[in-house]
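Here chain A shows up in two complexes: once beside chain B, once beside chain C.
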Partner chain A sequence: MRELSLNVMDVAQNSVRAQADLVRISVEESDREDFLRITIADDGCGMTEEQVQQVIDPFFTTRTTRKVGLGVPLFKLSAEQTGGSFDIRSQKGVGTTTTATYVKSHVDMTPLGDINSTVEILIRCNPGIDFVFTRSTDLGSFTLDTRELREVLEGVSLDTPDVLEWIRAYLTEQTQSIIGGADIP
Partner chain B sequence: MKSLAELKAIRDKARAELDLRKENPNAARVLVGMATCGIAAGARPVLNAFVEEIAKRGLTNDITVTQTGCIGICQYEPVVEIEIPGQEKVTYVKVAPEMVSKIVNDHLVNKNVVTEYTIGALTN
Partner chain C sequence: MTVKEFAERLNLKVMIEGEMDREITGCYIGDLLSWVMGRAPEDSAWLTVMGNINSIAVATLADVSCIVLVENAALDENAAQKADIHGVTILQTPENSYQLAVKLHGLLEE
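Then we have the complex of A and B:
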């Protein structure tokens, strides 16, 4: 994957397939402390301990269309190649939380890329699911919670074109306020 | 700043247009393959290109763009399937953002399949 935001899109879809109602995505980073941490947490069907071990194996998948499952292994590799760490915790019937921690300054660090586009596409393509996206840097943080938007929208779907446009503008604006200068997005 | 008041205005406008949207059983669907293989091959800019092109032409009520999983032809990703009610599904392969406006114009608007971009053209 060329951008970590693409790994996020990929792994978040596991949450969608696990029939989650709520998916929390957070990107925390600090230049001062030289780390970036991505967390994807869902309230989907969860996995047994044995299944958790299996998803780390690239030659395991629940699909029948092909024999490999690279989503989680690629995400894990992206973190570990920076000297960071990777963790999946899951409980059957409760949900799954995936955490990837990166050493930001490492030469093998993949850029985060357009994370806002990932969030927008996830909302666009899964208007029935709620997403909570949080991003924090040394300069501050913001949260987009589709449950709050739903309250205002009173039944109007999140995938209405004007709503998606509002979401995109909101994310752009908020991102600019917590990212100093050059590296946008 | 983007405010919730603005979102309320969007809600009221959307409600006024809602009937129009619901009454459209003939809406076409654009399905972009967005599993690991599709994403790695560049599906996200392709999906965004469809969304932009369709918005530019004012067709958001007639065409929906959404993602789908892997259909097992990872070597041909990014794969885009187009479903128009009453017509056979068409599968485009190795789609790049530059190809999108032609697909929207020729296929979705004028109902002429862009044969050279389809899976049939590639495997023959």
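Then we have the complex of A and C:
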């Protein structure tokens, strides 16, 4: 993928399909320690060890329309080609955690892309699911927790335009506060 | 022109012998697999430096005639196995994509 945020979208949609109630997405990065780590953790139906091996195999897919599935394999490749690592931990009935760690300064590093839009789209398209999005850099961190939003909203759905507008503004503002310079999509 | 003729005429090393009688009708060059998978035309020779297992999956999906690893790019062991199973021909050359594409163009114009 040309942007890592597209990989996040892809994996988060797997969480949705796994009937998750809560999906945690975090993007941690540090220029000092030269890494970027993306974690997507859900409380969905989980997988057996055999199923985990299958999703990292590009020649396995649950789709019947074609014989290869490249979402997870390409995510894994993107991390490994920077000298980083990739890991899926899953337990049947408990959930799945996918972690991709990148060496940020590597020349083959894929840009993160517009992660805020990814989060906003996920919330908009899945108003029944809760998302916790955390982003951290050397300058600080912030969290958006839709469970907290729901408490304040008292029954107003997360996919109403005003709420989405607020989410967008909040993410933009918080991102600016922890990213120095022009590195904002 | 078949994959077999292509390999012979341009002196390409056959790393995995798949369907050598397939026709080649064009050429596609690219290394970003997610990009290539939606764009490489079927029946083309795909020139790349990516010799991993995902490349084999992309070749299968895009239904290209063969993969050519240019600049002597390496083929991973598990990729070689999958290519063998799925009948994907893998060729290799010391030339870069541009040099090989120009020669392939010449052959296709004959």
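To be clear about the criterion, the second predicted complex is superposed on the first by the 185 of 185 C-alpha atoms of A that agree within 3 Å, B and C clash if a C-alpha of one lies under 4 Å from a C-alpha of the other, contacts with A are read in each partner's own complex, and residues count from 1 in each chain.
Here, a contact is a pair of C-beta atoms (placed from the backbone, for glycine too) under 8 Å apart; a residue touches a chain by one contact, two chains touch by 3 or more.
All values derive from a computational prediction rather than experimental measurement.
Asker: Could you tell me if A:I115 is touching chain B, chain C, both of them or neither one (first, second, both, neither)?
Answerer: A:I115: touches no partner chain.
Asker: Looking at A:M1 after the superposition, I want to know if it touches chain B, chain C, both of them or none. Which is it: first, second, both, neither?
Answerer: Both partners, chain B and chain C.
Asker: Check the contacts made with chain A and report whether chain B or chain C touches more of its residues.
Answerer: It is B that touches the greater number of chain A residues.
Asker: Go through the superposed model and pick first if A:D162 touches only chain B, second if only chain C, both, or neither.
Answerer: first
Asker: A:L153 contacts which: chain B (first), chain C (second), both, neither?
Answerer: The first partner, chain B, only.
Asker: If we overlay the two complexes on their shared chain A, which of chain B and chain C does A:F59 touch? Say first, second, both or neither.
Answerer: Once the two structures are laid over each other on A, A:F59 reaches chain C alone.
Asker: Figure out whether A:L77 sits in contact with chain B (first) or chain C (second), or with both, or with neither.
Answerer: A:L77: touches chain C, not chain B.
Asker: Does any part of chain A touch chain B in one structure and chain C in the other, and if so which residues?
Answerer: Residues 1, 66, 70, 74 of chain A touch both chain B and chain C.
Asker: Write out the stretch or stretches of chain B touching chain A in their complex.
Answerer: 1-2, 4, 6-8, 10-11, 13-15, 18, 34-37, 39-40, 44, 47-48, 51, 55, 60, 65-67, 69-72, 74
Asker: Which residues of chain A touch chain C in their complex?
Answerer: Residues of chain A touching chain C: 1-2, 57-59, 66-68, 70, 73-74, 77.
Asker: For a test of understanding, state which residues of chain A touch chain B in their complex under the given definition.
Answerer: Those in contact with chain B are residues 1, 6, 9-10, 13, 17, 63, 65-66, 69-71, 74, 117-118, 121, 124-125, 148-149, 152-154, 156, 160-163, 166, 169-170, 173.
Asker: For the complex, which residues does chain C have touching chain A?
Answerer: For this pair, the touching residues of chain C are 32-35, 37, 52-54, 56-58, 60-61, 82, 86.
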